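Next up: some structures, all given as structure tokens.
In the two assemblies presented below, chain A is common to both, partnered first by chain B and then by chain C.
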Partner chain A sequence: MNTVAMIALFAFPGLLFAIPAGWLSVWAEHKAVARMQRRIGPPMLQPFWDFIKLIGKRTPARSGIEANLLRLYPALSILSLLGALALLPVFPQNGHGFSGDGILLVALLELPSICFILAGFTSGSLFGEVGAVREAVLSVANNLVFLLAMVTLAVTQDTFQLAALGGAKLNPGHWIAVIGIVLCIPAKLRLNPFSTSSAEQEIYSGPLTEYAGAALGLWQMAHGLEWIALTGLVATLVMPLGAPWWAAAVLFVAISAALVLLYSIVAAATARFTLERSINFYWRWAAVLAVLAIVSTVCMRWHA
Partner chain B sequence: MNILKLILDNLRQGTVSYRLPHVHECTSNQYRGLIHNDAERCVGCAACAYVCPTAAIEVKRAGDNYSWSYDPGKCTFCSRCIERCRPNTLTMESKLPPLYSAQGELKTVLEMVRKRPAKPATPAVAAATAVASAAVNAAAKPATAALAPNPEPAK
Partner chain C sequence: MKVLERLLQRARTKSIGLFHLNTGSCNGCDIELVTCLSPRYDVEQLGIHLEGSPRHADILCITGPVTRNTLEAVKQVYAQVCEPKAVVALGSCPASCNVFAGSPMIAGPLSKHIPVDVFVPGCPPHPDAIIEGIARAAQILAERGVAQEAETAVQQ
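Let's turn to the complex of A and B:
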């Protein structure tokens, strides 16, 4: 592993940056939604103290539940998200990434969702199973658009290498694809209006209903990392190329923060969609956008 | 887009909630708060412990010594103890109890010596005492009358 990859994995945008930034994103979303609802909201360090509190709790042993599997899922999610973060080309001019790392990124970003679904079924809770089914359906719905958008980006640059995907900014297909990815992120983060899988008023916490203590703390950490990985992906796709490293880092953080604010406004302004309406949104409306992006891109390539 | 206008209005108007812990202003002087016992005046009758529905007040005796304990964690602030306390040694605060994190953190234990009230005389002894005092008074009366000057001379 070369130095650039080590820095990406352990420093920026990996472990050292992503964990506190993930907590900060979760706090910012909670705080922003609270202020829009005239509540004071949590203090800044609340997600950190929640994690410390949960790590220190002893989880009672329950019969009939495979506890090791339940612990494995959040750990696997964290590892896959750290891998995804390490792949993000924040400093593409440093020879970052390898051919096809975009495909690996898509897989690593999807693994937490799969773990979330498996956790729901493994927990043996009725609410967990209902939440897992909802997450699975929602995942199929939003991934159609997400994958089409990623393929569009790849077609524009003729490669799946992430460092090159942000290079076709003059192509309208690129921006339509980015909008498609932006539309998919609320569903991947389980935010309103796509929070059906963890609808607390209906099914408690969905797949996480049976979780407590350290395992729940790990899930919360994974959720924070999901914020950074997904908003960071959009940031790397819209950042101008060739910026000095410090400007790239500042832009990465600024764009991610702007997206956190945008999603907070959407979460505060919308009610939870039903599952059917969520599917309609992605397969009927967002998919049109994604198809338009890929068709326009293919046509442009064919024309050129 | 009414919801966006509502969000903007909310942001402009500021918050209506507050961060805990905070200083809460009691709006009533009849607020039912913590119970206090005046150890100087308590006679240790344990009537408060007897009427307490949740056993928040306990009185344990050991000879003339007794301990009076009060656990606010169990208290329902019904004030029955205060109504029953004859020497009126129990009082109730009219402010919020402080926040606490450990069970029994606000518990109060008072170690006291029982103050036995003066025993009232039994009816038979009282009657005999009354008769004896009446006889003493009757015997003393003429002498007293003879010694005393006539307050009102006959006209």
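Let's turn to the complex of A and C:
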């Protein structure tokens, strides 16, 4: 493993940066809701204290394979998200990445959602199963748009290499695809209005209802990392190329922070959609955008 | 090790998950507990939040005089909250059964069935009193956590 990849995995935008930044994103989400309700809201270190407290809880002993599986899912989610963060081309001029790393990124971003669904089914709780089914349906709904948008980006540059995907900014198809990805992120983060899978007023915490202690803390950490990986993906796609490394890092953080703020405000200002309405949103409206992006890009290539 | 223990103890007073259980209350205390979450009192700024599942909670807030119907639920939910945990009895009903005392339908008071750490009297209690009760329970919970860890260390 070379030094650039090590830094990306363990320092920036990986482990050292992403965990505190993920906690800050979770705090921003709660704070935005509080401010919209004219409350003061939680202190900035709240997600950190929540994590430490959960580490110190004594959880009931489970036996058999399901005990190991329930511990494996959050750990696997965290590992796959750290991998996804390491793949993000924050400094593309350093010869970052390899051919086809975009496909690996899509897979790594999808793994936490699959683990979330499996956790719901493995836990044996009725609320967990209902939440898992909702998450599975929502995942199918938003991934149609997300995958079409990623394919559009690849078609514009003729490669799936992430470092090159941000390079076609003059192509309108690129921007339509970026808007498609931006629309998919609330569903991937399970934020309002697409929070049906963890709807606390209906099914407690969905797939996480039976979780307790350290494993629950790891899930909360994975949620924070999901925030950084998904907003970071958009940041790398809209960042101008050829900036010096410090400017690229500052821009990455600034764009991610702006997106976190945007999603938090949208989440605070909207009510929860029903599952049917969420599917309608993605398959009827957002899919039009994604199809438009891919058709326009293919036509432009054909014309050229 | 000492640093980690102190951090853990601090975290237990800074992050408090509540599970609210109604054991036949008239709803007065329930409304006052929910008032604590409203913009006027906003307990979230103290790190206190309501949880949907007893597995995620630290403090069990119980209202009502414990009817015979709910007794099993009380015992089950108490067992489902992970250690270290604390119990707060909200209002006069769980403390003394209040006006329902002597009824054949009542299995209370609460302390006959599970250990209670803090009683918040009143019919219903004021939200300020509820917040103070929860804060005291959090302190008890943090100290209990330290004691339990010491006990485990001795056993090992």
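As a working rule, the second predicted complex is superposed on the first by the 300 of 304 C-alpha atoms of A that agree within 3 Å, B and C clash if a C-alpha of one lies under 4 Å from a C-alpha of the other, contacts with A are read in each partner's own complex, and residues count from 1 in each chain.
Everything that follows uses one rule, which is that a residue touches a chain if its C-beta (ideal position, glycine included) is under 8 Å from a C-beta of that chain, and two chains touch if they have at least 3 such contacts.
These figures come from a predicted structure and were not determined experimentally.
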Once chain A of both complexes is superposed, is A:Ile265 in touch with chain B (first), chain C (second), both, or neither? first
A:Gly213 in the overlay: touching chain B, chain C, both, or neither? Say first, second, both or neither. second
For A:Arg39, select first, second, both or neither according to whether it touches chain B, chain C, the two together, or no partner. both
Would you check which partner chain A:His30 touches, where first means chain B only, second means chain C only, and both and neither mean what they say? second
Applying the document's definition of touch, where does A:Arg62 land relative to chain B and chain C: first, second, both, or neither? neither
Just to be sure I read the superposition right, which of the two partners does A:Arg277 touch: chain B = first, chain C = second, or both, or neither? neither
In the superposed model, which partner reaches more residues of chain A, chain B or chain C? C
According to the stated criteria, A:Arg301 is in contact with first (chain B), second (chain C), both, or neither; which is it? neither
Once the complexes are superposed, what residues of chain A are shared between the chain B interface and the chain C interface? 34, 37-40, 43
State the interface residues of chain B toward chain A in the complex, per the touch definition above. 3-4, 7, 10-11, 13-19
Complex contact set, residues of chain A against chain C: 30, 34, 37-43, 45-46, 49-50, 52-53, 55-60, 127, 200-201, 204-205, 209-213, 216
Per the contact definition, I'd like the list of chain C residues that touch chain A in the complex. 7-8, 10-12, 14-15, 39, 42, 44-45, 47, 52-53, 55-56, 58, 82-84, 145, 148
Touching residues (chain side chain A, partner chain B) in the complex: 34-40, 43, 265, 268-270
